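Dropping a structure here in structure tokens format, bear with me for questions.
The first chain written gets the first letter, and so on, giving A, B, C and D; residue counts start at 1 in each chain.
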Amino acid sequence: MKRLFIVAIVAILVASMAPVHSQGGVTFNVGMQDEPKTMNPFQAQDVWDWNVLTYFYEGLVTYRPIDFKIVPNVALEVPEVSSDKLEYTVKLRNDATWSDGKPLTAHDYALFGNMVKEFQIGRYLSSWEFVDTVEALDDYTLHFVLSECRVTFIEGTLMSLPIPSHIWEPKLAEFRAAESPTKALQEYQPVEPGEMVSCGPLIFMEWQRGSYVKCKKNPDYFDFGRTHVYDDGTQLVHGPYYDYIVYRIYDTTDAAILGLKKGEIDYIWWAIQPGYVSDLLADPNVTVTNNPENGMRYMAFNCAREPFSDVAFRQAVATLVDRDFIQERVLQNYGEALYSVVPPGNRQWYNTEVTKWGYGKPMTDRVLEAVDILKQTGNYSWDVEPTVEEGAVVPGEGIKYKGEYIKPFVILTPPADYDPLRAMSGMLIQEWLKQIGLPVAAQPTAFGTIVQKAMGERDYDMFVLGWSLTIYPDYLRDFFHSSQIMEYGYNIPQYSNPEFDRLADDLVTCGPREEKIQAAFKLQEYLANEVPYIPLFAPAAVEAYRNDHFSGWFDQLDGIADSIMYVKPVAAPEETPAAEEEEEEGGGTCLGTLFVALAVIGGSAFYLKRRN
Amino acid sequence: MSMQKYIVKRVVQIFLTLIIIMTIMFILFRMMPGDPTAFMLDTRMTPEHKAIIRAQFGLDKPIWYQYLLYLKNFFRGNFGRSFYYARPVYDLVMEKLPATLLLWTGSYVISYSLGITLGKIIAWRRGGKLEFGSTLFGLFFYCMPIFWVGLIMLWIFSYKFGLFPLGGLKGPDVWSDPTSSIWLKALDVLHHVALPLSVLTLAFFAGSMLVMRTSMLETLREDYIMTARAKGLPEKTIRDRHAARNAMLPVVTAFAIAVAGSVGGGVLTETTFSYPGLGKLIVDATLTFDYPLAQASFLFIALMVLVANLVADILYAYLDPRIVY
Amino acid sequence: MKILEVNNLRMYFSTKKGDVKAVEGVSLEIGKGESVGLVGESGCGKTSIGISILKLLPDNGRILDGEILFKGEDLVPKSEDEMRAVRWNGISMIFQAAMNALNPVYKVGDQIVEAIMIHEDVTKEEAHERVARLYELVGMSPERAENFPHEYSGGMKQRAIIAMALACDPDMIIADEPTTALDVIVQDSIIKEIKKIQAKLNMTMMYISHDISVIAETCERIAVMYAGNVVEYADSVTLFASPLHPYTHGLLSSFPSIKGPLKKLTPIPGEPPNLLNPPTGCRFHTRCPYAQRLCKEEVPVFKEFKERHYAACHYAGELSLR
Amino acid sequence: MDEQKPRTKWEARIQQWKKSWEMYKENKIGLVGIGFLIFFLVFALLGFVMPHIDPIYHPMTGFDPYIVSKSPPSTTHLLGTDFWGRDILSQLMSGAQIAFLIGLTAAVVAVAIGTTVGLVSGYYGGATDTLLMRTVDIVLTLPFLPLIIVVSAAVGKQSIWVLVLIIALLSWGGISRVIRSQTLSLKQRPFVEAARVAGATDARIIFRHIGPNVLPLSFLYMSFLVLGAILTEAGVSYLGLGDPTRVSWGIMLQWCRTTGSTFTWYWMLPPGLCITMMTLSFYLIGRAVDEIVNPRLRKR
């Protein structure tokens, strides 16, 4: 009896270990660090949601890859905008369909806009609040009436997604009837492929929570084969060139990197820490790319408090903050020291000519310069003035502002787990400021707490945080316009400058691009001179992909992710050494499985023996 | 008092403890700074929109109202919605619970069986090489930071030799293939669980082994062991039936005391192996300020500890007929 | 016929500080159906003799020398496995009940059944039946066999232990302080029970106690132990009437007699010696009022002075012990 | 005469300690534990000296001007440097300081709370006892690390002192139970009765008469609490909830992990090894003290 049982187990296990026949077709495997949280576009908020969702929905207009030029997508052309024109009619192409065969129509776009307004979906409201009405004149014509023309009309409203009205409209009544309609809408969780129709290049197949999301190629995708031609002759032809895409959840970079090396995945869809690079470079099948991110890390002052309200003080601090050191040490040169609020990666909008406090100078010079800046105002004095002796700084002591000792103040820095780079920068800044005798302490603080103190209560001295940015720098207005000085307003430093306000207002209204760029440059100059933020660095998107499975990857701002729709399978040569190696590693896993199986058998045998 | 009555009494106690824990949780999270909407920041979100979001989460209501709402929802089995996952917390917790139960109970069962067996043997044959070896080995793992052991194991077994997966619970290769049999899936899960389970087992077994050893040594001095020997019973019967059986009682007590502390090991292990269980959930939820989720996962972990205590008590009563309730 | 003969037994416990010389050259013989008492102060090695006979020595105890002849066979060289057959079947033991001689987690009946089933090829049912009969024999209701030890009173536990000792119908029983922790009334009834059973079954017994009055009541012959030696061995009447060894005399006068005339109790002066480092010569010489130089220098021989009356004293018979 | 008495009492106590030390010396594992401890003490003290030898040995700001990224052991950096070119050996020394700081402070606070609660509960009995012991029941069933994670996140501020306080506030439960039962038996002793008859106040009886008698037990538990506190700090720091302004071993491992250097042996192994040896030393000391305080464990 006992033996029979064991034999049965062994038989089943052996049978189950037989090689699995996978479905035919090419699969592209992507590693993700976290799983999507929802497939509901009204609820989706983080990158992991959008990494999947973005391929199901096509906007009216879109950025093309690499240079982010705005090109028509479902719309037939990009409308010309000007600040005095408030009504727009957009024509749609008529060959686009949803994956269930229903045509993609103007109603689908109008429904989205109207739902955003009706259900007050915060995430999208900024693109729709200035839109008075949106309606479908017919199946392929959309009509917008705006209350004012903002740049976000094109770079927000027209980039909004459509939603399949034939699926969502029947549900609306249900949402509206709920106690809280918004909540009801957001709690709706489509997970079945039937609920998830797509008009983009991919179709949702299944989602195993915590493990993976699987999609397949949309055979009816209208834009397949679309070619982008660039000035330098590069051509990109829209794919996808594979049949399936699997988003595998890896959770730790360690695991993802091993997966990449083993060939389980073709691309890690997040920026990996530079610490991994040397290891990865040793693998000939892996390519590491380094692209600037459209983001910045900064330190902000509370300009409503003394002495931070003093421009000279802020300039002196900016001089002391050795951003070159941060770039070299903290970032290990993966990333760039930043002097303007717009990161250099956003080439079109980045002003190279802004004031660069302390740029390229050793710490000794920086200290002297900072002291100089402060002393020129006549407001600062020291008990012991900082000096430089024999090439080393003798730190100052007892710094006074307007005759009174400056009280100890803190820099709120995010904790190391959130971002070790920012935490480390905070520590460094503390040490640098101490050089001129400032009584400062870096206080690692939970991210949420910083946000609440900085944005909500405005109870802080300085803090270190970061922003992910948009291509169009309308954030220059949001972050520094005096109208944003309110609870949870975006002007966290409480910077106020009427001239700046006027120019910033200009930036967000519709108008010729050249004018806007000039305005953005001017705004950057203001900010660089008056330093409400000290921009610290622009991080880099260090990414890795396998070069032996797919080719045709291209670099762009924020990383190579957009390549996913353009890469082509490498024609697999018979029996390359790489394939052998891969098999070997697969053998290792198999061995592990076998080991576990043996343990199970041994354990049950032992148990049975003991029972007898 | 009968056993049933005792269990009912204990369940009521557990319930009260849970309410106290919940209240503490509530106070902690509401009194402390930290804005849960922080993670939804978007450069194009206006302050008004933020207010709307806050209202959606009920954060604009007075504290006492939130507390009553919270208790009411608790009694209804509604733990609220996760800020981060935007799904009912209950569903999330229930998704992770089986994985955690598998890992934690698995490691407790294995490590305590191992510890009891080893402790029994080394106490019986005092001073042998086995005693020295297993005590040293066990103590090292007992004192090592568990996540560090986990990292080393990952390094050796997963990274260098590729014998085990680096994390997770289900391999996409197996699970995304519709032809996979249930056995293959079970094997895949075991394959994923093997390393974290070993780490936890290594970390835990020394505790039970040392308690068992001490307790066994004391038991061996008891007169009924002399009686058993005088009766001419075989050594193994004396060791297992008479000595070990009695010596296990303090181990059960020690388990009840240790379990609250040792779930920390479970949490760290889950995090190290990115094992999708409650322990990882609570860490992630905490780091993202997802208080409903952090609270609920904490509550469930606490509940597991309380249930483990109850089980220990019942087991004790089963093992020791002298216990009267 | 001699059931048990102990010849020149030496048993030591090794400790960190040195050897504890618990049994030093002890000789005894017990005939079939006899009951022999072993008496002495606590720590004198009487229990050590008991466990030496069954070879139930702790890890640090060892028999250095001597023979233990049980039904003519020497037990000393026997292996643990061979001993197992002797235990309980040949020689069983009555332990002191208050000292947890019963395993608290098993039903008392089961513990007796366990002993039976190890030694005899009987079914569980038969064994249980025998337990019921044994319970009746010791004056307990057979249903009580289904109870746990903690549900018994001290006296009941002791009866159960007696029943257990009788379970395999042994050739000899060693009773180690069976009544010590019981209160006087229960003590009395247990002693009566033992006597009754002994008479009924014609049981050979070795009775170990520090209480000479209890021994006097139950035993035909008495061996007096002092510091690892048997100093005197005689039938009880003789021993009480005319002790040969000063220690026996001292022991008798330090105990109140239940029967007989009242007399003044005189405790033996001094402390029992430390067996790690016992006195030279006669071990009692440090406390002996009659000690001479010889006593300090030479170990007295344990020899028969009168018919079946043995003693180990240089001056045995020469002293007038009053 | 009143002055004489405490002196003799004090002397008696010293003698008691001496006796205990004699017994402790017998215990080999205890001596190994002490040995490790002394090593770490010296190690920690050296940590204060290092930055004065050369500023590049400052654990936090000692960026080596010539080494800009992680590097394996060399002559200037005996154990190599971390990701930012800082000396790992000096960081380990700083870690030892933090470990002592956290371990001892948390243990002392926890022992103080636990002993007081145990004494009060055992001495007064009745409703006080019930209330306190039910509290202990709850404290003991709180899942320790998850609660610390949740609380330290809720506090928001990542300071070592907050961590110490939380650890201390959550780990006094076990000790108070033991002290309580000890107090219960001590309460019956004649000297307590005598003190009461002599008119001593409750507080005086608790802390002057019963207190000193339970101190050895408290001391025993302290070494296990130190161990727990060190491991807890390491775990919490590893999860990213520690205090990154101080270089502790847990923080070192956290840096190692978050910079993607998990499998850099010369960075990853030493801190863990230090944690292991330090906790092991406290464990061994605890075991040795245990054998002195609980004589039944002594080998015969």
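Assume a residue touches a chain if its C-beta (ideal position, glycine included) is under 8 Å from a C-beta of that chain, and two chains touch if they have at least 3 such contacts.
Predicted, not measured: the structure shown is a model, and the values here were computed from it.
Put simply, the chain nearest the middle, going by average C-alpha positions, is B. The most distant chain from subunit D is C, comparing centres defined as mean Cα coordinates.
Centre-to-centre, using mean CA coordinates, subunit A is 43 Å away from subunit D. Annotation: 54 Å between the Cα-based centres of subunit B and subunit C. In this assembly, the C-alpha centroid of subunit B lies 24 Å from the C-alpha centroid of subunit D.
Multi-chain contact residues of subunit D, defined as those touching 2 or more other chains: 153, 156, 239-241, 262-263.
In subunit B, the residues that touch at least two other chains are 32-34, 154, 159, 287, 289.
Annotation for subunit C: no residues touch 2 or more other chains. Across the complex, subunit B meets subunit C through its residues 126, 222-224, 226-235, 237, 242, 245-246, 319-322. Those residues of subunit B whose C-beta lies close enough to touch subunit D in the complex are 17, 20-21, 25, 28-29, 32-34, 139-140, 142-149, 151-152, 154-155, 159, 214, 218, 257, 260-261, 263-265, 267-268, 271, 279, 282-283, 286-287, 289, 294-295, 297-298, 301-302, 304-306, 309.
For subunit C in complex with subunit B, the touching residues are 51, 54, 56, 59, 80, 83-89, 92-93, 95-96, 99-105, 111, 114-115, 118-119, 148, 150, 164. Against subunit A, the residues of subunit D that register as touching in their complex are 60-61, 63, 68-70, 83-85, 153, 156-159, 239-245, 251, 254-255, 258-264.
Contact residues on subunit A toward subunit D in their complex (touch as defined above): 253-254, 272-276, 279, 328-330, 332, 415-418, 420, 423-424, 427-428, 431, 441-446, 448-449.
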